[in-house]
Amino acid sequence: MNPTHRLETSKLCCSRGDRRLFRCLDFSLESGQLMYLRGPNGSGKTTLLRTLAGLLQPESGEVLWNGEPIQRQRDAFHNELLYLGHLNALKGDLNAIENLRMDGAVRGHAMDEQATWRLLGDIGLIGHEDLPIKHLSQGQKRRVALARLWCSRAALWILDEPFSALDVTAVNTLQAVIRNHLARGGMVILTTHQEVDLTSGTVCCVTLGAETPEVSHA
Amino acid sequence: MNPTHRLETSKLCCSRGDRRLFRCLDFSLESGQLMYLRGPNGSGKTTLLRTLAGLLQPESGEVLWNGEPIQRQRDAFHNELLYLGHLNALKGDLNAIENLRMDGAVRGHAMDEQATWRLLGDIGLIGHEDLPIKHLSQGQKRRVALARLWCSRAALWILDEPFSALDVTAVNTLQAVIRNHLARGGMVILTTHQEVDLTSGTVCCVTLGAETPEVSHA
Amino acid sequence: MLEALFWIVRRDVTIALRRRTDVFTTLIFFLIVVSLFPLGIGPELDTLRLIAPGVVWVGALLASMLALEQLFLADHRDGTLEQMLLAPQPLPVLVISKVIAHWLITGLPLVIMAPVLGLQYDLSAEALTVMVGSLLLGTPTLSLLGAIGAALTLGLRSGGVLVALLVLPLYIPVLIFGAGAVEATTSGLGGGAHLSMLGAILLAALLGTPLATAAALRVASE
Amino acid sequence: MLEALFWIVRRDVTIALRRRTDVFTTLIFFLIVVSLFPLGIGPELDTLRLIAPGVVWVGALLASMLALEQLFLADHRDGTLEQMLLAPQPLPVLVISKVIAHWLITGLPLVIMAPVLGLQYDLSAEALTVMVGSLLLGTPTLSLLGAIGAALTLGLRSGGVLVALLVLPLYIPVLIFGAGAVEATTSGLGGGAHLSMLGAILLAALLGTPLATAAALRVASE
Amino acid sequence: MQNRLINWFKFSSPATFYPLAGRLAPIFRVLAIVLIGIGLYMSFFVAPVDYKQGDGYRIIFIHVPASWMSMFIYLVMAGWSAIGLIFNTRLSAMMAQALAPTGAMFAFVSLWTGSFWGKPMWGTWWVWDARITSELILLFLYLGYMALVGATDDRRRADRAGAILLLVGVVNVPIIYFSVKWWNTLHQGATIRMNGQTSMDETMLLTMLIMALGFWAYSIAAAMVRIRAIILEREAGAIWVRELIGERA
Amino acid sequence: MSSILEKLNMGKYALYVWGSFGVTAACMILEPLLLRSRTARIRHQIARLNRLETNKR
């Protein structure tokens, strides 16, 4: 993962309904950096993440990828992006293997069945391959959704509360994967309400909740 | 809350699909006690909680409320029960006040608007009364769902991962409410993957994951 | 118990009125279906008058069936249904209140609209009256019967179409007597017998279906 | 790009086949609607032959419209749609693949089934051939146009019925030419002109609608 | 040039358009009352009795202008939508939404007066004639648009979804018109056309034109009042709205 | 007087002519009235929001 990337916002300002969530948010994130987004319930974390991914239009201001607005280079940006929201984006009627393979194909890199099996091993779901996703438990579903991280080629990961519903083991494995990604020059933006080791001593920490968000670089 | 109650299971055995989740689960819980249910993802916590609430039929064994099987006294048991699952049971098109009032009415104790407003204050949602629930954030939705605890008259609370999506403040408030309920002689059964103060030194701790679950009384 | 019934009706009607379109769309679907036939069949008034009772009744049936899917679906998805199952009230009563609300939202407007559509097909005043009567007796039955189907298919992916499949066979007697009443009137035989038959079916449905629906709901949310 | 198209089609068809009912229910809905009319109207063969093209086409239209709601709904609800919007592929291509899958699941079975139903109405062999042809050209257009409505109403509570309202006016030309083709054949005029018109509409829809649908999808998942 | 562009965008902001609409509305209201008044007088007292249809033909003076308006308003709405989608102006969607109910009303009036004309002329309230059918579809398009906008809570989404629908629908309008014509084999249209008697009385034509202008003014006035309501609804949080209402309250 | 009555009779077309003009008039009067109530409602709402805010301060 040689090329270095850069995600910036300039004077980003978002509102939902008639409520202004934050304004004048400026930060920049480079390859190898983790951004930890904090804030109480309803402070606009999800809104910000969706805006960064290009799913929402900001009220004003811009999101820049390598110096250019993301709307103007949608396909290139999406090629480098992996977004995981509150929803798992899994088909309840297909099993884990089918889900992962088809997901890869839409994303532009089809996987063979072998690779998918290995992936299932990584996320600790061996023995559950043949079950339709809808019959898995809450945490197991989340694991399958997160399996995308294991085989991702994207540089930028945007993760909205990735640790929710995971048990202690899974939380630790996930942290290891994220660390690994950062070490290889990836970028990660995440938000969580749980205390995890990963976020202590983060490079860039954005706290929402006040009118103008607080950005602190460690 | 004078009368003391007692929830017991005898030789409870559950399976989903072709997988036996646990068997021979025997425990009993009395007024004023908290039961903390633990186990990795997919170990059957949700299954057990739904069985205890009477939403699932166990494969064998029985759930007893004050010594009698719950199927034989459904209305009486449900009168004393409050179950909150992974889903929030809120109407996306109604706002928080309407949701809470109508929920109360179905449960048999209608609230007046005053009471509901106070409730909203308790859960920290003042200023969001007029928004349809579907426009609230993940954590705000969860808070509204949990508001039922504040005005509940039920003796037994069954809570499936109540802390998920809540921020730190809300987690603490919720713990206080649960403690309060226990102090007044209520019973609580809960499961969570997060570390919270409440569960350290619990009276009764059931750990799923092995063939026969481990029950430890402190 | 009655209070819970009242509150559920009130809640559902409030939700429907909040998005006023809900009431109108069933209605407009009915309107569109009934208006489509002349486009497919051709504009001759003689033919149209002949098929009018059938078309209006089939239209009403389809419209009320389409709306059926929503009956428990939202409640199921957001967990309200789970809470209803756990409520200390007899489930059939809760079911009845859901059905009443559903009929108020989707059935009643159809009944009111039908005469206007009948005019498009050049029906006589007498035939129109009988048509309204038959719909007034028939559509609640449709809602009651439909509730069973809605409960049975709850949470299945192909909900909408599956409901249709389960429910249409049950609807056929209502359709035959309903359209029959109007036809009998236009052909001068008088629709009284058909109408009283519809009334009888309604009574039977009112007594029997809530129990079946309640049972189906318990099964569906296992 | 084509690979993604292929995989999406494959995924959707797999899901549909997994719950085999899905394919059958649209079909059976069609079957039931078409069979209901003789019940509502009466069994005279002359009348029936007269209304057959209209009834079959209206039935096909309603059936394919009913299935429409599901087109993007499941994807929207479980977050797959979000991922599609973020995929490094042109969205209109993904839309087309969704529509192709939808047509294979819901449209094609109708086309295959139609002749059998036409027999019930005593249509001639020639008329049946033209009917199949018109459906083959017409139902993909219905799916393409319907996709716009499905995308616009995505996530709105009154989804199913609202789709009907938005989409039916767009369907009317297809209905008129489709039923017209069969009628022209039975009345000895030949349905060629109608069929080529249907083909032209299909081409136009193929070029124009995916863009509109993609735009609507982006709007819907804001 | 640059200057003019800026001017344009100035009026495309709700805050500046609100007072402008407030000034325009009464002008058109008066205009509408005067024109419709004159039109009504002329249609009842000046225009002569038709030799064939007697007094029944007087329905034409509202029927035809209402039909024209219903189609014209739809086109205008589609135009606003296109502008809104291209230039991303907030006002254009509001404009379309302000016009929709009036357009639907005129479509309804056209159908209603048409059937009240059809009953004495053809002996039936309704005929599945080409023109009538296309007018009915137009009404459906209006209703569909309003239902869609009404069912969408999120304003931005409602604006853009409505615009897409209108643009798709406008493609449909000519198609409907011609295809329905093709489908129609019953040439009831011959009765409708008065072009046959090209000697359409000049006073009749004049009356119809005056009525049409009156309806025009009415539509503008209604749209201006409605857009003010819509602006207030949407900008309820804005300071200028608060101050504006504050003065009065 | 009788001539006006005759005029109002519209030959034998009274029902149709007055039915048309009446409904049209009703529509065109009703619409502004509805609009007015809508505007008033919104103004009230905004005034309430104003009061709420001044109270808070």
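All chains are identified by letter, namely A, B, C, D, E and F, in their written order; residue positions are counted from 1 within each chain.
Here is the rule we go by: a residue touches a chain if its C-beta (ideal position, glycine included) is under 8 Å from a C-beta of that chain, and two chains touch if they have at least 3 such contacts.
From a predicted model like this one, the values you see are computed outputs, not experimental measurements.
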- Touching chain E and chain F alike are none
- Item | Leading chain pair when contacts are tallied as C-beta pairs | C-D
- Message: Fitting on CA atoms only, what is the rotation between the copies chain C and chain D? Please report it in degrees, nearest 5.
- Response: 180
- So, in whole Å, the Cα centroid of chain A is separated from that of chain B by 30
- Taking each chain's centre as the mean of its CA atoms, chain C sits from chain E at a distance in Å of 35
- Where chain D touches two or more other chains, by residue: 15, 19, 74, 156-158, 162, 165, 168, 172, 176, 222
- Multi-chain touching residues of chain B, meaning two or more other chains, are 92-93, 135
- Message: Among all residues of chain E, which ones touch two or more of the remaining chains?
- Response: 140, 143, 147, 151, 154, 156, 180, 183, 236-237
- Task: Going by the contact rule at the top, pick out the chain E residues touching chain C in the complex.
- Result: 115, 124-129, 133, 136, 140, 143, 147, 150-151, 180, 183-186, 188
- Can you check the complex and tell me which residues of chain D touch chain A? 3-4, 6-8, 10-11, 14-15, 18-19, 74, 77-80, 82-90, 94, 221-222
- So in the complex, which bits of chain C are touching chain D? 15, 19, 21-22, 25-26, 28-29, 32-33, 36-37, 39-42, 47, 50-51, 53-55, 57-58, 61-62, 66-67, 69-70, 74, 156-158, 160-162, 164-165, 168, 172, 175-176, 179, 183
- Message: Looking at the complex, which residues from chain E come into contact with chain D?
- Response: 137, 140-141, 143-144, 147-148, 151-152, 154, 156-157, 160-161, 164-165, 167-169, 171-172, 175-176, 179-180, 182-183
- Taking the complex as given, what residues does chain A use to touch chain D? 53-57, 75-76, 78-79, 81, 83, 85-94, 98, 102-103, 105-108, 110, 132
